[in-house]
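Just below is one structure, and these are the notes that go with it.
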Amino acid sequence: MNFILIAVIVLGTIGLIAAIVLFAASKKFAVYEDPRIAQVGELLPGANCGGCGFPGCSGMADALVKGADAGSLDGLMCPVGGAETMGKVADLLGMAIANTEPMVAVVRCNGTCEHRAKIAEYAGLRTCAAMHACGAGETACGFGCLGCGDCVAACQFGAISINPATGIPEVDDEKCTSCGACVKACPRNIIELRKKGPKNRRVFVSCVNKDKGPAAMKACAVSCIGCGKCEKECPFGAITVENNLAYIDHQKCRLCRKCVAVCPKKAIVAVNFPVSKASTTSMSSTTSSSSETSETSERKEEQA
Amino acid sequence: MGKLIVSLSPHAHSRDSIERNMYGVIIALMPALLASFYFFGLGSVIVTVTSVAACCFFEWAICKYILKKESTLRDGSAIITGLLLAFNLPSNLPIWIILIGALFAIGVAKMTFGGLGNNIFNPALVGRAALLVAFPAQMTTWPKIGQWDTYLDAETGATPLSIVSSAIRTGDVSVLDQLPSSFELFLGSSSGGAGAMGEICGLALLFGLAFMLYNRIITWHIPVSIMGTAFVFSGLLHLANPVYPDPVSVLLTGGLLLGAIFMATDYVTSPMTPKGQLIYGVAIGFLTVVIRNWGAYPEGMSFAILIMNAFTPLINNYVKPKRFGEVAK
Amino acid sequence: MKIKTFSMGGIHPEENKLTHEVPTIVAELPKQAIFPLSQHIGAPAKPVVAKGDKVKVGTLIAEAGGFVSAPIFSSVSGTVFKIDTAIDATGYRKPVIIINVEGDEWEESIDRSNKLELVENHPDLTPEEIVNRIKNAGVVGMGGACFPTFIKLTPPPTAKAECVIINAVECEPYITADYRLMMERSDEILVGLELLMMGAKVTKGYIGIETNKPAAIELLTEKCAKKFSGTKYQVEVVPLKQRYPQGGEKQLVDAVIQRQVPAPPAIPVNVGAIVQNVGTAFAVYEAVMKNKPLFERYTTVTGKKLTNPGNFQVRMGTPMKNLIDACGGMPEGDNKLLAGGPMMGKALTSTEVPICKGTNSVTIISDDEARRKEPQPCIRCAKCVGVCPMGLEPYLLAKLSEVKNWERAESEDITSCIECGSCHYTCPAYRPLLDNIRLGKATVMGIIRSRAAKK
């Protein structure tokens, strides 16, 4: 009898002390968590892929709620869930999403092996970042693609790969989630997120060289020399030339392709337009002649 | 004019290479190898050749058929593993047991972790430990020296360490009188002495150490700290109770020199900073004496090294070199 | 006496001082001179000439573009051809002024005589005046880093200068420009040192020279004794044991006065030392005593396969090609063209790059030595830890940069790296340690700056 009593008292006391300690700890170290974070977290895919740029979905949920409190969800995008998920999240948080238009990463360099002569050989660490720190690289163009694939390494979705024939990365439109990891990884800011466009059709300047005309001309056969012809030709005012470089605003561009025809250096590229249509217009010059890469990428993308 | 080559600085290299270091270690092992041939004759030749060939074969086969990458045989590390494994074995060990040991050393301890540079434990020691557990009888009977033409049928005898061990267990100091003199232990020439192949001649091992230090293959930190600690700690024990052996014979018996010079200094499994290497060495010296005197096995060196191999990442994480200009806290 | 050196790490690369005993010759004038606007650390200079302007030797062509900046002077006489871009030592196209050379007409204010001007004959020189003249003459550190010299002479109020250390170590392999300068212009260098000590308001001076230059040690010791004994100045020539990177500021201060400069942002003057290159001392002499702005320097052109390597007194803006041709032309086969020595020099993609204020050497490395070997896995041999002169763990920093763990890289003091390349030099696995560390360091510095900007 005594034996049982002792056991009960001892265990009871231990239980009581533990309960008090736990209660005190939970009061003292209580952390308030916004219940909306958990709700948003449930809407997200839960794949923890990191494509949004945050460490996992809970990080994204946290950022979304904070963004909503700050009054804007701009720049926050779940690449996996897409517009649908973001719409639900926005409803929950009572926000409107400004930009749910599908975007895609675009590589703005066409300096393939045949367009850009090699003037040197790089013998160091084979990453773009190291090569960029070393100087212009193996060619005379100090702005163009280095071809070591930092963007490929950065892509979580296997959407970007170096084409062995050209040495330039290519983006798979279907796999690209427009998370922007490659944009950050590229030391030369060649990759840009642009509107995916109807039927993946896009027109863009495939060059980021800011050298003056003669220097750019010497460095690469398809470099933009900032001549301004496209700027004058564009009926929608979508093209601006700054620092010897033309840029097409993808929000204003209506894909008329007039600029493609006038570019003397074939630096403006139109992708995913049907070839037959192109032959009737002045487009023919682009697709038939020097921009072979855009053609191959077109074909690839059509197959995909 | 040819092409211009560019890269970031520096543009000069010492022309040191992994091969140079590995083959340097192999050269340093040669005196001990010759000594083992001299003392154990035919048996030692068979064991060494088998072990080295098996290690190289397993490395080549695993690279080619399992990992499907270029063979890393050329760097010489498999030869070192083979030699060190052989040095830890009795010279009358059957070939099939050696093959199992080599498979453990290369297959389990080295290649599963990703090959040279990634293994946590010293491959040769893992091979030895596996054999010791799997084949305790074969692995604890040691042939006597001076049998030139015997292999499997070699006559076995008591090693100095087993003499020490029985002295401690019985508490009888007089047993220690059977120990050969320190000088004989140093040369390995004691009549009727026995032991593992590579550990028999202290002099040959010290030649190897001198060669490696001179060529800057290793630094002094690990061997000196192991020997120093073992010497001091066992010396204190000997003073307290003479049943424990005197420090000089502690240094010269068993695999202490072999381990301190060749096994503990393995690049991959030892700490990176001089301070860390000292901590590692002191701990190995201490653990060796502890295991020898109070453990179940007469020899503690290999287990001491394996234990400290496990602590190496921790040491690397917490022991930092003194930064330039750092103010002492 | 024990020969001094710095306290941790270091390597001993093959010296290859091919041009030690080759007397300096004056390089021919180029047909066209190219002046990059950014030849120094800090803001680029701003051009003050326009296309078609006539300039003389010593004419100001670009003024300092900020506090940390330096003006640029023409080294030739002629006409400004254009203001354009050209590839400079960074490997990128940068703004430059290009001048077509016509004749060799100097500004009259420059004293072209060879007469040694002594400080004693100019009692009106004040420290402020000296610093001002150095600033206006565009003098920057001539050892390669090109930090404007006048800033070093005016330390922040929190630090007090105690001595001037002349860096005559020249620990980089191949380069001999500083050695030739010491052998040929030692009197001027000592006057330059005196001016630097006056400018920094100190009386203690050291000249650190490695023991592979015994003639220079002997010559300068003798001249110092003659010049400074009995004056208020105490100048000591300190022989140093050969070891790379002894010419690094922090290592040199450690070697000469046994004081360690703490981690960045501390600079040598925080422990009382102002370090100046011998070339800078000479430039200071010319700027202050001869009124000659910085447009000329000593440069070594060297390489094992060059037929005729040599030392040149060259006008800045001269394309490297001219000097290489004077040495027998670019060797056959594949080469690496370096502005600077093999340890810290910059590899260039064009021989048209001009000699700038910091170009102490044009080094050409040929054939096998020009290429790096294929990297192998790290075998954790710890040799990089042993040679790091800053007490860092290069293997770890390189790995952290590779996996982009910037927080840990920062806590492991990646910003202390001086990019000397000892780790890479010594790595038996040929790993590109410094490539990775350099990228990591740049990223971490960026993170630290943006964090500071936010506060």
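Note that the chains are named A, B and C in the order they appear, and that numbering of residues resets to 1 at the start of each chain.
The definition used in the following text is that a contact is a pair of C-beta atoms (placed from the backbone, for glycine too) under 8 Å apart; a residue touches a chain by one contact, two chains touch by 3 or more.
Since the structure is predicted, the reported quantities are computational estimates derived from the model, not experimental observations.
Chemist: Based on Cα centres, what is the most central chain?
Modeler: Ranked by how close its C-alpha centre lies to the overall one, first comes C.
Chemist: Which chain pair has the highest count of C-beta pairs that touch?
Modeler: Chains joined by the most C-beta contact pairs: B-C.
Chemist: Based only on mean CA positions, could you tell me how far chain A sits from chain B in angstrom?
Modeler: 53
Chemist: Just how far, in Å, is the C-alpha centre of chain C from the one of chain A?
Modeler: 41
Chemist: Distance between chain B and chain C based on Cα centroids, please, to the nearest Å.
Modeler: A distance of 49 Å separates the two centres.
Chemist: Can you tell me which residues of chain C touch two or more of the remaining chains?
Modeler: 91, 334, 346-350, 370-372, 432, 435, 438 - these are the residues of chain C that touch more than one other chain.
Chemist: Can you list the chain B residues in contact with two or more other chains?
Modeler: Touching at least two other chains: 3-8.
Chemist: Residues of chain A that contact two or more other chains, please.
Modeler: As it turns out, chain A has residues touching two or more other chains at 119-121, 123-125, 130, 133-135.
Chemist: Per the contact definition, I'd like the list of chain B residues that touch chain C in the complex.
Modeler: 1-14, 16-18, 20-21, 75, 77, 114-118, 219, 267-268, 270-274, 277, 316, 320-327
Chemist: Using the touch definition from the top, list the residues of chain A that touch chain C in their complex.
Modeler: That would be residues 119-121, 123-125, 127, 129-130, 133-136, 140, 142, 211-212, 215 of chain A.
Chemist: What residues on chain B touch chain A, complex-wise?
Modeler: Listed in rising order, the residues of chain B that touch chain A are 3-8.
Chemist: Using the touch rule from the top, collect the residues of chain C that touch chain B in their complex.
Modeler: 7-8, 11, 13-14, 91, 173, 250, 254, 260-263, 266, 330, 332-338, 340, 342-351, 365, 369-373, 376-383, 385-386, 388-393, 395-396, 412-413, 416, 419-421, 424-430, 432, 434-435, 438
Chemist: Okay, in this complex, where on chain C does chain A touch?
Modeler: Within the complex, chain C contacts chain A at residues 84-85, 87, 90-93, 334, 346-350, 370-372, 432, 435-436, 438-439, 442.
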